[in-house]
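Got some structures for you, see below.
In the two complexes below, chain A is the common chain; its partner is chain B in one and chain C in the other.
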Partner chain A sequence: MVKFVKVIPIATKVGTVTIKYPYAKPLVTDSFRGAIEVNPSKCTGCGACTRICPPKALSMSIEGETAILRYFIGRCIFCGMCADVCPEKAIKITKEFELASEQVFDLYVDVEHEVVTCKRCGSKFVTSRLLNKVEQKLEEFPKELLYLCPRCRRIEMLSKQTYLR
Partner chain B sequence: MESLSTSSEFENLYSYLKRFSDRLVEEEDNLRIVVESEKLREVAEVLSKTEGVFLRTIAASDERSVNGFYKMYYVFGIDKIHRNIVIEVPVDSSDPVVPSITDIVKAADWYEKEAHDLMGIKFSGRTLYKFVLPDDWPDNVYPLRKDYTVQDLVKLYRPEIVTKAKEVEAEAAIIIPIGPYHPALHEPEYFELYVRGEKVVDARYVGFMVHRGIEKLAESMKYDQVPFLAERICGICGFVHSCSYCQAVEKALKIPIPERAEYIRSIVLEIERIHSHLLWLGVAFHLLGYDTGFMHIWRIREQVMILAELLTGSRKTYGLNIIGGVRRDIDRDKAKKCLQVLDNIEKEFKNFVDAAINVPQIKSRLRRTGLLPKSEATSLSLVGPTVRGSGIPRDIRKDYPYAAYKYIDFKPVVRSECDNMARTEVRIYEIFQSIELVKNFLDRIPEGDIAVDSWEPEPYKFGIGAVEAPRGEVIHIVITGRYSPYRWRARAPTYQNLPAIPIMLRDIELADAPITIASIDPCFSCTDRALIIDISSNNVKSVPLNILSLKSSKLFR
Partner chain C sequence: MEVQRQTNLETFSSKDLEKALQRIKKSIWVFHLNTGSCNGCDIEILDVLTPWFDVERFGIKLVASPRHADVVLLTGPITIKTLPRLVKALRAVPRPRLVLAIGSCAVGGNIWFNSYATLGGFPNIIDKLDELGIIIDKVVYVPGCPARPEAIIYGVAVMLNLIKQKSHYKKVKT
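== the complex of A and B ==
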């Protein structure tokens, strides 16, 4: 038999391989990384995820009285680095991949946090949940320093030291 | 690893170089020598005349803030003894001129043009023109210099399209490449073929339509973010880039990575090779008008894609590499599943390719077309299946062993016919070889950690990371900085292989041009349209490449 005719029995045996998507599921394996999900009750708003995120899909901003951790799916590359670095394990990698939408707003997910203002200069510098957490961890930390922003805290510390000398 | 006799072959070269300059550093696998620019040509001459020495890459770096000058790094590799010779040439910061070595080392051509465009280094003794940057790029703005941040560059560059948009009072402007730059299958590219009748006389390539400036971008990103950027250099073989980058940083900072991580990297690299070669084979069949072959090869390939997703979490852009190791382990279940899938692929592929490659049209279109003589392949320092199809056993896995390839023995697949068929056969047999390698790796993989706990960056260290990608050697140079890479130079295999296309196209039938261009497996992949310039009648016409390709197949019907 001419060798190339072998294609015919191969094709007959294989038949149709196209999956009847979206009726036949699942399309993805157990390891698949899709969009992420931030658990608002676990998130402290520390911003670790925004610092590692390669495409800057996660960002932190302060709007009025609230700090917002914003996840923009449109930029996400589904690498899952955020979930790796999250100290609270608040980020879960889902298998969600059907993410297209007619409204761009649908691609934004916000987690809102209450912010703490600096007792001296009045700048908003940290989420209250993160501050509480730090407070619990550091038992002997002077209370008056805790509510100062990093800059004012530095000034306070330095002026104290000068005084001591 | 090497016997004494092979290294003594290069003893003369080494003692010559050592006499040449007293400023030299011997590292684990590099010999780094500082050479003044007046003496560069002399050194290049000696290196180019020594058999077995290939140019691997060239990088220009702006080190004015560190030591007051620019620096050129010329990386020559001696495959046989697995070592590099890095020639470092300091370049005056007020008058950055270096003698050109393109007439001595042919492969240096593109690198010099690129260094001129992006770093503003001038090369005496040759003509230079805009190569990478667009025509409307402002003069005397050299983006890779440290004077500019990415934000500066975005502000500085006002493409002509913006002014035009204002003229016609448009709100926004979008460039849609239709016509000669048609990204039908993958990426844009552009060839001019000069013909006499149906015979190709010469060819010219115009590229860099989508230069993304990622080397610059990486300088503002953190070390652990760059692998994900590197992975996006190529949509087909991205893992090799993140691997090379990580290896370069690990070499520079001497980070010892766990053996298990090395094995996992190698396994995934081979799986990527299998999918990439299958993809190419499918596209090649399609170009030759054998769409049945295209469909079946891609059907077989789909299993590899699903397997990759199972092992890494994604079909492509695996996101597996970080500096110091990998992010996901391959457990027993996955290993078992992997073996099953590979067995199935091996059986199916063997069965099918045996039939497909014997189709008379395929055979006759591939045999004796796109000839690439061994001598030309050597002088251009070509890489990958392109060079192995011309009888030269260059394979980075063997020549500069990395990851788990140093623990395993195998022979590079070589064919000596120098034609399109030879390059096709190299890829076909490499698929079988890769399956064999993955099985071997899975068999030998040791227990242990998959990444180091932590590591510290140290500025101004130099590291080279190279990986044998499906298309050939990928080589990255990293000069470390405090928080981000200070300079990162990525060189993909197509960069090295493209200059071979005009040689392969010379004197062939016009209809064989598409498969010949595709035979180096160019990373930008299949062109859709080519411009044909008929020298005798001065007619210019545009023809979609696939139609051009079909012309010849019809002769058989």
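== the complex of A and C ==
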């Protein structure tokens, strides 16, 4: 009983510590990392973020006529490695953390990209924006090889060499 | 008693759910269920119950038995070993059965989504639970690794229909 009385002056000195969360702003510092945001005007669809993502919250898949960069917030661990690795700086870390939802479906964010089809075999292999970027960077690259998928390109290169000999 | 319980199960319609939700708007009792979590989310749940966040001002109280609980706080990616215990605990919860899946493990499986030892999150087993006769009336997913205490309070508010959820499915074209 006597020990308990000791607490009373300490408690009066400290006062109320409870934060009024729903009415007051939560503590969010500058270094806080929340959900990421992909800028669709900058993203080329190279897939560097999907490779670095530890839980594979970002995934790239070709569905029909489009390539989709899918971001599943429910699996994201908010590490921010995708923003570090993005060559176009298209991924921005926001401070959003109030992400609760009733459906899992609401936690998905899709970014659609146009796809280039291979001129020989007709398979879809890369986003058109990434291809344009590579075209700008490699000036001496033969144009006819650019629109072939990696497998057809290999066959084309080999057949050329064998023909010359 | 047996007959009454069965009829109660069958006749629990959406209207009854609404009524029940209105009734528990004032104060909810929560039961903490760990299904193979790394303890990060569990510590955040403890944070919520401390005087700093003090959820007892909303009437939220931690109880020791699922029979007394309104809401189950589920953490962890549901490992194979914990699955029988999870089913047992959820069966003991009275209707309406509300589940708050906390943390990215419970929502999407986190880095264990593809593992042989886990089921990869709560959404994967809802259908199986339905087959077993354990109907989950409402689930709210709270992402975060670990989920912030504020995010958990926000999730409870979404569950009780006090606020509308912010996140929606987005599809953007380049």
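The rule is short, and it goes like this: the second predicted complex is superposed on the first by the 157 of 165 C-alpha atoms of A that agree within 3 Å, B and C clash if a C-alpha of one lies under 4 Å from a C-alpha of the other, contacts with A are read in each partner's own complex, and residues count from 1 in each chain.
Note that in this section a residue touches a chain if its C-beta (ideal position, glycine included) is under 8 Å from a C-beta of that chain, and two chains touch if they have at least 3 such contacts.
A quick note: this is a predicted structure, and the numbers were derived from the prediction, not measured.
Of the two partner chains, both chain B and chain C are touched by A:V17. In the superposition on chain A, contact of A:D84 is made with chain B only, not with chain C. In the superposed model, A:P26 makes contact with chain C only, not with chain B. With both structures placed on the common chain, the touch criterion links A:M60 to neither chain B nor chain C. When the two structures are aligned on the shared chain, A:V7 is found in touch with chain B, with no touch to chain C. Contacts of A:A48 after superposition: neither chain B nor chain C is touched. When both complexes are overlaid on chain A, the residue A:H113 reaches chain C alone and has no touch with chain B.
Residue contacts after overlaying the shared chain place A:V134 against neither chain B nor chain C.
In the superposition on chain A, the chain among chain B and chain C reaching more residues of chain A is C.
Applying the stated touch rule to the two superposed structures, the overlap between the chain B and chain C interfaces on chain A comprises residues 17, 54-55, 77-78. By the touch rule above, chain C contacts chain A in their complex via residues 51-54, 57, 104, 107-111, 113-114, 121, 123, 138-145, 148, 150-151, 153-155, 157-158, 165-174. Per the touch definition, chain A reaches chain B in the complex via residues 2-7, 10-11, 14, 17, 28-33, 51-55, 77-81, 84. The part of chain A that touches chain C in the complex is made up of residues 17-19, 21-22, 26, 35, 38, 40-41, 43, 45, 54-57, 72-78, 96-102, 104-114, 129.
If you check the complex, the residues on chain B that touch chain A are 221-222, 224-226, 228-229, 232, 292-293, 296, 299, 302, 306, 309-314, 317, 319, 327-328, 334, 351-352, 354-356, 358-360.
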